[in-house]
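A, B, C, D and E label the chains in the order they appear, each numbered from 1.
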Amino acid sequence: MDLHVTHAWYLVLGALLFTLGAVGVVVRRNPLVMLMCVELMLNAVNLTFVTFSRMLGDVGGQTIVFFVLVVAAAEVVVGLGITVALLRRLPGATADDVSYLRG
Amino acid sequence: MVELVTFAIAGLVVLGGAVGVITSRNPVHAALSLVATLFGIAVLFIAQEAHLLAAVQVIVYTGAIVVLILFVIMLLGIDRMEDVMSEPLRGQRALAALLGVGLLGCSGLLVWLADGDADRFVTGARAATAALDQDEANIAQVGRSLFTDYVFAFELTAALLTIAVIGAVVLAKRPTDLAPLPERPVDPAAAADDEEVAG
Amino acid sequence: MGLLATTEAAAHAGDVPLLPLLVLTPVVGALLLLLVPGRRTELIRLVAFLTSVLAAVASVYVLAEFDAADSGMQLVSHRTWVADFGISWFLGIDGISLFLVVLTGLLFPLTIIGISPGHDDKAYYFWLLVLEAGCLGVFLAMDLFLFFVFFEIALVPMYMLIGGWGHGNRSYAATKFFLYTMAGSALMLVGILTLVLLSADATGGPTFDVLRLGEAQALAPMTARWVFCSFMLALAIKVPVFPLHTWLPDAHTEAPTAGSIILAGVMLKMGTYGFLRFGLYLFPEAAVWAAPAMLTLGVVGIIWGAVVATMQRDLKRLVAYSSVAHLGFIVLGTFALNTEGLQGGILQMVNHGISTGALFLLVGLIYERRHTREISELGGLQSAAPMLAAVFVLVVFSSIGLPGLNGFVGEFLTLLGAFISHRWWGVVAASGVILAALYLLWAFQRVFHGRAEGDNATMPDLTWKEGVVLAPFVLAIIGLGLYPRPVLERIEPSVERLLVHMDAQVDDWERPVIEPIQIVVDDAEDDLGDGGDHDAGADEHAEAGR
Amino acid sequence: MSPLALLAQTEAVPNIDTPIIEWSAVAPMLVLGVGAVLLLTFTSLGRIRPERGTTTLFTVVVALGAMLAAVPQWAQVQGWTDYRWIDDGHTGAWTAIGGAVGVDGFSVFITYILCISVILVSLLADEHCRREGIAGPELHALLLLSATGGVVMASANDLIVLFLGLETLSIAVYVLVAMDLRRIQSQEAGFKYFVLGAFASAFLLYGIAMIYGATGTTNLVGIVDFLAGNLVAEDALLLAGLSLLVVGLGFKVAAVPFHLWTPDVYEGAPSPVTAYMGAAVKAAAFAGMLRVLLLGFGSYDGTWVPVIEILAALSLVVGAVMAVVQTNVKRMLAYSSISHAGFLLVGVAASPEAGTADVLFYLAAYSLLVIGSFGVVTLVGRSGDAQHDLADYRGLAQGSPVLAAMLTVFLLAQAGVPLTSGFFAKFYVIAGAVEARSWWLAIVAMLASVIAAFLYLRIIAAMWLSDDPEPLRVEVPFAAGLALWAALLGTVVVGIFPSILIDAARDAVPMLVSLAP
Amino acid sequence: MEELIWLIPALPLAGALLLVVAGRRLGEPVAGLVATGATLGSFALALGMFANLVSLDEHERILTQRLFTWVPAGSFSVDMGFLLDPLAMTMVLFVTGVGALIHIYSIGYMHGDPRFHQFFLYLNLFVASMLLLVLGDNMLLTFLGWEGVGACSYLLISFWFEEEANASAGKKAFVTNRIGDWGFMVAMFFTFTTFGTLQYAEVLTGASSLAETTATAIALLLFVGAVGKSAQIPLFIWLPDAMAGPTPVSALIHAATMVTAGVFLMVRTSPILVEAADWVPTTIATVGALTALVAATIAVAQNDIKKVLAYSTVSQLGYMFLAVGTGAYVAAIFHMVTHAFFKALLFLGSGSVIHGMGDEQDMRRMGGLRRFMPVTAVTFIIGWLAIAGVPPLAGFWSKDEILLGAWEESPVLWAMGLLTALLTAFYMSRQVFLTFFGEPRWSLEGDGDAAVDPAAGMPGDELPEPKPAGFHPHESPWSMTMPLVVLAFLAVVAGGLNLPFSKDLHFLESWLEPSLFGNGHHSTAEGSEKVALAVVAIAAGLAGIAGAAVLYLKRRGRPATVEAAVLRRGWYIDSSVTWFMGGPGRAAFDAVAWFDRTVIDGAVNGVGAAVRLVGTGVRPMQSGYVRTYALTLGLGALAVLVLVLSRVAI
């Protein structure tokens, strides 16, 4: 059997990764792990971009990944900043503990 | 065949890492799993001939981002085990599973609609201006793209990074005279009852 | 368009812009009030009073300027407001609105001088004047948008008046009033826009000009009915038509006296006025279609309002429910769709404003003295305050519809109109006069008759000032009852024009008119007489068929 | 040479045809961005920190400068011959910098909304920061930077530029929200906003990726050309991408069911920042949404209009209903902003039929309203930014009648009472919906506005109608007073003479123009 | 002369206005004199007008005057205009005449009342309204007067409002009348839609062209109006209660004038009645006869001197309707006039008695008053004889004509009328005997424990307290007795208006001829038949008197057998109505009010509550947990995806 790696495989892998990331954000309580899960999602998108780039024969997709990386970096910086500030007040808090605002 | 093996191994690493991220009780383990995933992705980049991105992926993500995360974990000492087996929010997991299944179902639907052939719906015009050229180095191509089509976006990243810097600075400050922590709010449903009824 | 041109030509081009002046006078007064320091109560009252008197003078001047023979819009003021949507500042007056404007103009100074708020005078008079502007605007606006603006803007001062100077449950009542009315008008806005936008082709670009929209009649019948319903809902809530009336008792009961007077005297008329101006004029076919339903609601309102009023323990609430019944008559007259009914309806609007306004004023005076509105707490007031009782009984009679007083003429004409077009509705509605006597006289008996005890026995009678305030009401009650002709005369051409318009627009409908039997000369042969009988019978059938 | 060049394996770098940078096209964002950097530079160079009044003044000047810089753009777009002090020969809408930036009336209009928001919010924040100990010039710098992102969104002709603009805006706002380090609520809000924002961004990005796959480009002009030139039979990927775009943008505009962050974040954020979010973030997000959906996917309106309509209806109703049961004024206004987003979505849904003028008008009017409302909230919140309960407003009318009157006007305007800008805003949106023949949505919108009116009345009643209150005297600092008066003036003037604004909004047509060859 | 018609009602109206403005200042007795003067002026004017009318040719005896258009609306137009024809003239004369007398009487009767001037104000207003009623040249103006008299009646019945009963009686009168007014109004609607006008001139001349159904409807509805105003079954219950008002009011309004307005209306519109289906007059006659009989039976058992007269009035009004129903319009008017005289006389006499007895109204506390109040007694006795149908007094002639008409219509009706006549004679005699004859019963006989109450044992409800010893009734002042004398004179001679003996003596009949459009009933009975009937009637009257004499004068037999409780309670009609209104009626009203409050308003508030409930219910979704939010967001995204993709996949 000629098992050929098609583009679809990459795309499905990306979708799987995205899903895992999304589920991770929803089920994990540690703020940093949540952050990591978002990174998983972004990476899934990156993979998708690169795959499309290859399929389309267009370098633009790869360039976009570049920007996504920058955004991810900036997000992480700010996200970590916020988390640090938050955890300074509430040492050891999980995401669920941060629920003063509700209703 | 090489691609198949590469894909299989890298794919497994990617997924394994991802599962590790979302199941590790220890955040440090999660971070390390993330590194695995990122590496896997980098390999898949290479498999798709995006060499520059593979390099950047490793350098920026694993080298900078994950390390930063690890620093914070250490700094705050929040490497406490998280009880991943229990879920305080009722229905959260079931619905999360629904979300996961749904998203996968959607992608499955897409694949099914395309009859397994992604090209059927990746209908985009094959690039004419910035075509991937097998002869030219990947880096040059990305570079050209970056400075032509995406030059504005490229410039814009400056603002993004500036903000990140300011944000880090601002949020790292240690405030004086903290406001006391508010009391835990009561259940919102109960809170609504003792309002006056009008209208 | 031609219509507009002629009416504009008819307006005195060189004269002062009377109608804008009328609307803007209270606004200016209100703004002036803001400049007066809050401590200077007397000055504030003076400014407010003078402003309202000025507006009253202007409204009377409008009455004087009004050409009774002209059925179209008079004293038109037309300025483009929002060009791209065809919105304009378009004021005009005709027989339909004339007396409502005069009533509004005259009612406000009386209210201002008659009742003092007790606290926060500045804000009180400010809102009252804003309210006056809004009320006048509603009756004068001939641009749908402008109408809507005034219709809505009047809510705010009334909300504030009820909420700020009302009684016990004022916040609840004010909110209910505001939201209920707003709910209706919210849908009306959708209706207005639908009408305007769907007519845009026919009118050459969107326009809110009522006259042009009415002439164009561009909507498909079903659409027109839907839009009509949206108008009706909003207006019916305002009137209020049964079963949308329950905000009224609350609002009236909790409102300060001034609020009640204006609410009953002026604001309820916005709805019935809208029925005529917009419901009938813009959607003649739909109005004909809906007439039986509206008549039914009118009749139910008359009887329902009366029955519920009978059982009230709160004097003000009782009067409020009596309004529901009275406005049922107006609805009845309006949807009779004939000259008699419409004229009666309009006259009844004025009459109700006077009678019920006076009733609320009197109840307010009693409340000021006794600090209660509970009927059971009162009793035998006539011995302590014979003048008050005398005026009260007169107003009660007017409200009951005693011939010779104002209430009767309008009531009779509305019933007659209903009878002409829909016989049985008229017959049933007429029984409302029985119930009116029942609840009002019973209330009067419980409050004024019997032996006075406790505080009731020492209640002071009317003061001079109160007498002066009440005098115009009394005069109007008697005057309009004995000589309503000047009013009816001015109303008639416009009503006639409206009906001609409807007649022309609705294909398979003719406005109900009576067809008197051929009177056979005395010395006619018997068989001729039989022939006459036969004709009459045929007429009856024809009428019953409609 | 950049590090990238060092990585290059080739010996000779070929010449690159870099696109022309039309400075006039990016002048406003440049002014804003550079202004922010300059602000930071100046303040960090000086040893002594300047009075914060200076920072505010500087911010106002920068924003005014950006507005000034936008004037020639407007003149160009409208084909006016005057006011073109930077004239590079364009007339009408045009596209610049390699097709990444579009200059049209729409973008200029949004630029104005953003700049005015920045000015008013910085005035509001002036005293607030001093009182709350929110450090340094960073708040103002972040305001300017996020506005830069907003302007980028409004003029983005490329999805990835839009995304970057969005992130610029958002990340800055994450920081702004979390900035009040004394209050844990602020950090909580920042955290929630951040996590959810990043989460939503991922969806948005995934959507962009799909669209990229389906059309082969992220440039809106390219997408339109592609869709016009090809009959896409298998458009599932495109539709999926479009859906995720709607989700991502729906999150930013706080449409139900992507709205859950809104009340918490609005409540937790420092009050001036809340004002900014209500005004500027919403405006930028809607600008982005309109640009993408209307310009990029105008031919797919059959797909996205129903979705937007559902989101609109949900937002209208949920926002209004939830607002009714709140007791915290900030939260009430947050929910009401969701309802307003619903109104705006009604306009968006109608935009293929009725154009964007109604949405733009609404955005402009609402910006002033929300800044005014939250401005008063800022002042009444007083020390600790904590007095936000409905009960805290008792007696405001007795102690500070002018402030109470102002809030009343703003609230009535939000309720859509005539002679305020809010009325015309609703009016135009409903007109749009009627023009688009979606009566059901118009009716839902109006009914929701009635429900929402209840909550405005509650606040008004708390101020004016409560029994025997202690008079509540609130200090009004000069700068904040200025901002409030400006917002009030705008609200009332536009409410009486809407032509001023609606004519401009009608001229502000969004347009996609191919890059000139 | 006709241009002065308006003055007739205007004079009393002016009097009323003057009293409104200056009544309090004028005070007693000037206010009374002013009012009396105004009415007398009207009377004088009416006399002049009468002379003028008589001088005209018979066919020209219709004077009209139009003042102004009252209600113009579309095709509807009604004038403030007057129609003075013989019928109206008759009414005007006796209204102003009797009215003036009662004004004079009231000056004495109301002496000392703190609201003396107000009383005369109302009286004047009443006279003005009554004159409008009879003079109006269209139905609407008649209705104006019709309601005006009703309002005045209300005001006067509840004149002494401190007593709850008086106030209730006033209200009851007005509301009951309103039921009739409903009929009148609807009748006007019918008339207008049929004729296009409400002018009598056109309506009555055009009536012959009416379709029978229309005429039936109008006639019936007018009759409903008349039933209310003239206190016929079933709406008669208000009139006995109306005696709560001052006695002159009872005399003027509730005996002589207002209550006869219904009869006037029926006669006025007789051309329509003629066109109606045959069963309509029959119904009217039956209702009339039944009312007459029932009221007479009730009157038999009343102890209140005014109540007897009140039921008597109802009964006599029934007579008049009997006449109307049998087409004997002239007889109806004739009886109306004679009744006005003798009933006013009786009421005023009873007022004089009450006055003299110190406000005692119960006849069981009277007796032998003829010695104390000779003038009153004599005049009252004349009134008694007149009403009892003793020839040659006025009542005999008019009653005889009615019975004649009834006989020709149906013997049953005649029999009912005759029985009524018998009863009338009986209860009137009973009244006279109890009041003026026998021994005084107002105070206890003897002293201390041995004191005996002379009234004890008389049937009836609880006795009023006896008067203190030494109480002496007194004769009334001249202002009260003078009218009595005048009225007594009229009661004696009024029969001369329409004597049956010869066509030439039918003064009234020929006088009214132009107003009746030839619709008057002309007796076809033979002279002998007439005489026989008259003899039977006289015999019945005498029998009644004799019976009463036996029972009350000679004190043989037990009065209680006659004065059955069921009669005293008025066949329980009134109490049934009261029970119904207070019981099921009130409950129904309460139910409606409850429905309004709970269901209709409840629905409104329910919407608000529902919004709140939903808000509260959805609130937990806003749990504060960022993960919930993320999940919702994700599911929302999924929903959008599914929504959009489902359109592709399917």
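Assume contacts are C-beta pairs under 8 Å (C-beta built on N, C-alpha and C of every residue); 3 or more make two chains touch, one makes a residue touch a chain.
The structure displayed is predicted, hence computed values, not measured ones.
Novice: If we look at subunit D and subunit E, which chains touch each of them?
Specialist: Per touch definition, common to subunit D and subunit E: A, B, C.
Novice: If you tally the C-beta contacts for A-E and for A-B, which one comes out higher?
Specialist: A-B
Novice: So which chain ends up in the middle if you average the CA atoms?
Specialist: Answer for the innermost chain: C.
Novice: Rounded to the nearest whole Å, what is the centre-to-centre distance of subunit B and subunit E, using the mean of the C-alpha atoms as each centre?
Specialist: Comparing mean C-alpha positions, subunit E is 97 Å from subunit B.
Novice: With chain centres defined as C-alpha means, what is the inter-centre distance between subunit B and subunit C in Å?
Specialist: Between these chains, centre-to-centre, one finds 67 Å.
Novice: Approximately how many whole Å separate the CA-defined centres of subunit B and subunit D?
Specialist: Each chain reduced to its C-alpha mean, subunit B and subunit D end up 26 Å apart.
Novice: List the centre-to-centre spacing of subunit C and subunit D in whole Å, with centres computed as mean CA coordinates.
Specialist: Those two chain centres are 45 Å apart.
Novice: Subunit B: which residues touch two or more other chains?
Specialist: 52, 89, 92, 95-96, 99, 103, 106, 109-110, 113-114, 122, 124-127, 144, 146, 149-150, 153, 157, 160, 163-164, 167, 170-171, 174, 178, 181-182, 185, 188, 191-192, 198-199
Novice: Multi-chain contacts only, two chains or more: what residues does subunit A have there?
Specialist: In subunit A, the residues touching two or more other chains are 18, 21-22, 25-27, 29, 35, 51-52, 55-56, 58, 60, 64, 67, 71, 74, 78, 81-83, 85, 89-90, 95-96, 98-103.
Novice: Would you pick out the residues of subunit D that each touch at least 2 other chains?
Specialist: 160, 164, 167, 171, 174-175, 178, 181, 184-185, 191-192, 195, 199, 212-213, 216-217, 235-236, 240, 263-264, 324-325, 454, 458 - these are the residues of subunit D that touch more than one other chain.
Novice: Provide the residue numbers of subunit A that touch subunit E in the complex, in ascending order.
Specialist: The touching residues are 22, 25-27, 29, 95-96, 98-103.
Novice: Which bits of subunit D are touching subunit B when the two form their complex?
Specialist: Going through subunit D, the ones touching subunit B are 4-5, 7-10, 13-14, 16-19, 21, 26, 33, 36-37, 40, 97-101, 133, 135-136, 138, 141-142, 145-146, 148-149, 152, 158, 160-161, 164-165, 167-168, 171-172, 174-175, 178-179, 181-185, 212-217, 219, 222, 226, 230, 232, 234-238, 240, 324-325, 327, 384, 386, 454, 458.
Novice: State the interface residues of subunit E toward subunit B in the complex, per the touch definition above.
Specialist: Those residues of subunit E that touch subunit B are 605, 608-609, 611-612, 615-617, 619-620, 622-625, 627-628, 631, 634-635, 638, 641-642, 645, 648-649.
Novice: So in the complex, which bits of subunit B are touching subunit D?
Specialist: Checking each residue of subunit B against subunit D gives 52, 55, 106, 109-110, 113-114, 120-127, 136-137, 139-140, 143-144, 146-153, 156-160, 162-164, 166-167, 169-171, 173-179, 181-182, 191-192, 195, 198-199.
Novice: Under the touch definition given earlier, write down the residues of subunit E that touch subunit C in their complex.
Specialist: On the subunit E side, the touching residues are 68-76, 80, 115, 140, 143-144, 146-148, 151, 154-155, 158, 161-164, 166-168, 170-171, 174-175, 178-179, 181-182, 185-186, 188-190, 192-197, 202, 205-206, 208-214, 589-590, 592-593, 596, 600-601, 604-605, 608.
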